[in-house]
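For reference, chains read A, B, C and D in written order, and residue numbers begin at 1 within each chain.
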């Protein structure tokens, strides 16, 4: 079930240089959306740019939904110009959500840069369901954190910054390895679920540090250039096992895949 | 009373707006967000004898104003289509035209034979703009002899409505149009995508894994209009105009240069509600211009010039 | 030290940016608003044996993103060019390439013979994308045999630099490229305009008196890139890329797919200062990428895929 | 001599529904411009629309120039969005100006709709030179007058409106015929110059009511789709006698032609 919904912009703020957070009112989509899904956004009514742009659904509060993005090109720049009260057409919720297992004793959520928003949605969702979760975020530096300083969730996020600063210095895989060791010691590894969203470099690193088959769920959310967003154009294929061909579609088979199914592009 | 009904020879449509192959999937995907009955008909994703995996990613690249794709005809194959899809779309209030794309002639026959055995198919679009492996990757429709042979072989096994979809990547489309007509096509679909390419200047990588792909969207409309006009002047069978349509004005332009119906393609990705908008726009236009039937518009270009080959630069 | 110098075989340019034929007149018209020395060279408006009056108006139609023209090669003819224009442009600090367009081969020879007798011409661009009257309006370059014959006949009477300008309106440009190389061309100019058409839906009139015309501007860039890549893989002579260039990034893209220089066309009408902007942009880019000479970029597309014929839709 | 000049917008006003008047500061161009010439305007820096747009030079006061236009499509709509202080690139002055003969005892200026602006420029120019001039304007109705109500020149303009209203009812050719009769009676016909700028319908009507060869100057200003604006593209051809081919270029041979040289398009 999907909707084409004209969402109303509630507020649109530049939370870090070049990073925007927009809350929209979208009752139809928020009503049925789940963490890991995305919306496919018509950024312009003149077909300029021609295509919609996919953004992960960030936090959802009742009928309101947050979208967080970095300005990259034409489409995301258009979005940054939207003002409160304007409407924007969303196609969604699209894609398969993260699998959630209520029996997981621990959920380890690992976001990289702009991969954080769906992790935040998942984190809040798990917390509401009374489940344990840790939220790790790897970024280059403070300016790349896709959360506002005033965001309460920032205090619950373990930020690891490549350039250090006031955060732990290094790569996000380092605390991941530490946590996995802890879980191992506590003998709960097979009751742990791991969720990842970030750039390919991070995904590849996670494929190395996370032993295959040991955890309950190991899922990763992927990005690919999209056309339709609903499985029509066959455009968003990625190399991934588990389908009837070597390729699977990010928009309908994904964006969430098993960490060990996917293969980084050359 | 203005009506959107149009006829393409033996095929009657309740709207001149059809969905182009590859841009409406198998008909099910958009059904929850846009009512298929706004379409006179839709052309399925091109279907082949077996499941085709398609080209390696990336398969899409947006350009300044349009889109490049190198899907590689990824599709579920005719058997899965007949079993899993067809039963779920036959109740749709729109015509179902199955696009067929194969690598050799025998496969076209095979696919059509299988489809002849089932109900719910209103016609075929022979995608003969795709590379023909026997001819080193040249499209069938770049060779008039192959075009005629292919169409007549399919004609021999089906009485259903058949349209041939031709590539614009040729010096003149006239002989291919005439060959398809000769072979027994009921209509022509003009045009498929134009060969194009995009590179990322930073990484120096091609934006499509296959390097070149098919160019579609609003920037190809002038090329499509020229090809439809060329086709209209070459044959007597109706022409379905395709290429860059985003507005009812575009539709009217295609009719003026000779189309009897149109297909919308890439724009559907952005606006699945486009067919309904186009129908409304056309009806309003017809009322204000006192046009009863869109067929009155076909080929009404005001000119005494014949079609010219080549750009008179 | 980065330099904008490039060489196209025997022709040395101080900048890779040239002005395309038909978009810089005879060199004089823009001289008061933009210094010609920013150009590595310019191609004159195509010149014929006599003054040609061109096609009836309207000759231009702007489309959504590009331009259609049906100028019909209106030009002053070779004698007027030699007498009235050439003496006034020979002191320009840029190369002068004379574009030649004729209806039959003998006329190409005639025009080139006349130009051989005067100084100040640095080379010829044979516009063989224009309709060949003997062949019913097909462009010379749509026929490899004619292409080779024409180029070699001109080669026989001139030692100057010669480039052949080919039409993209063909299934594959490869054989025409190879034919021109075989005939003795020093370079290839790719591409000329694409056949296109526009109509006014209100009046139902064509926007060009000749109905179809040549499509140019930013929307044709993807098509031009594909053709340059095709040409680059087919021949060993340098390729001059043309089509839709408006930014230095576009220039870099053309180099990556195989160009050794480029021409800017329609964009000059809007921005006569474009060559200077492109030079500056390229120099900045070369510095930041530590590129000494743009020739290091030519054909550096990162891929192991061969060129594919046709759109792998 | 022409310039590429970044002009500064001084004010931009909608003087009638859909009709705009913009004053720009353009010292280089105004310094050498003459009535009948035009500027070729880059409306957008993104080549969208691709081409420049030609507009006649309206009034010129020292370094300031007025442009008056009706919003037709993309280009003129862009111009209407310009705000004071913004700059806009002009190529000009382009085209051949009206021929002026100081010995003319009377100059009859006939504008039709948006053909008025160059006539106003010419009118002010002739007045400054101490010459007699009459300014006639044919419009559909009051809403189509390309002058503001507050424009003093409006009081000097004889407006003829097809729909009447508070203006003389009819076509502009009617008072033209009356004036020509007066000039005939006064015996000054051969010392009269006539200038025209308006739609083809009006030009064709003028060709009928004005006897050829009788007046000192009979000039008309034409419009045609333009590319370069400077004689490069050969795109702006019109059918007109007097050149070496049946076609002449509006941008360099014109926009001003002899009334009897030109032929209306079919």
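By our rule, a contact is a pair of C-beta atoms (placed from the backbone, for glycine too) under 8 Å apart; a residue touches a chain by one contact, two chains touch by 3 or more.
These numbers were taken from a predicted model, which means no experiment stands behind them.
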Chain connectivity with subunit B absent, coordinates unchanged: A | C, D
Chain at maximum distance from subunit C, centres defined as averaged CA atoms: A
Mean-CA-position distance for subunit D and subunit A (Å): 60
Averaged-CA centre spacing for the pair subunit D and subunit B, given as whole angstrom: 48
CA centroid of subunit A to CA centroid of subunit B, Å: 37
Residues of subunit C whose C-beta touches two or more other chains: 22, 65-66, 69, 71, 218
Contacts with two or more other chains, residues of subunit D listed in rising order: none
Arrangement of touching chains [line / ring / star / complete / other]: line
Pairwise chain contacts under the document criterion: A-B, B-C, C-D
Subunit B - residues contacting subunit C, complex: 22, 46, 55, 63-66, 68-73, 127, 129-131, 136-139, 142, 167, 169-172, 192-199, 201, 203-206, 209-215, 218-223, 225-226, 229, 249, 252-253, 256-257, 300-303, 305, 307-313
In the complex, subunit B residues that touch subunit A: 22-25, 29-30, 32-34, 45, 51, 53-54, 56-62, 65-67, 69, 71, 74-75, 217-218, 246, 266-273
Touch list for subunit A against partner subunit B, complex: 1-4, 42, 47-52, 91, 224-239, 244-247, 265
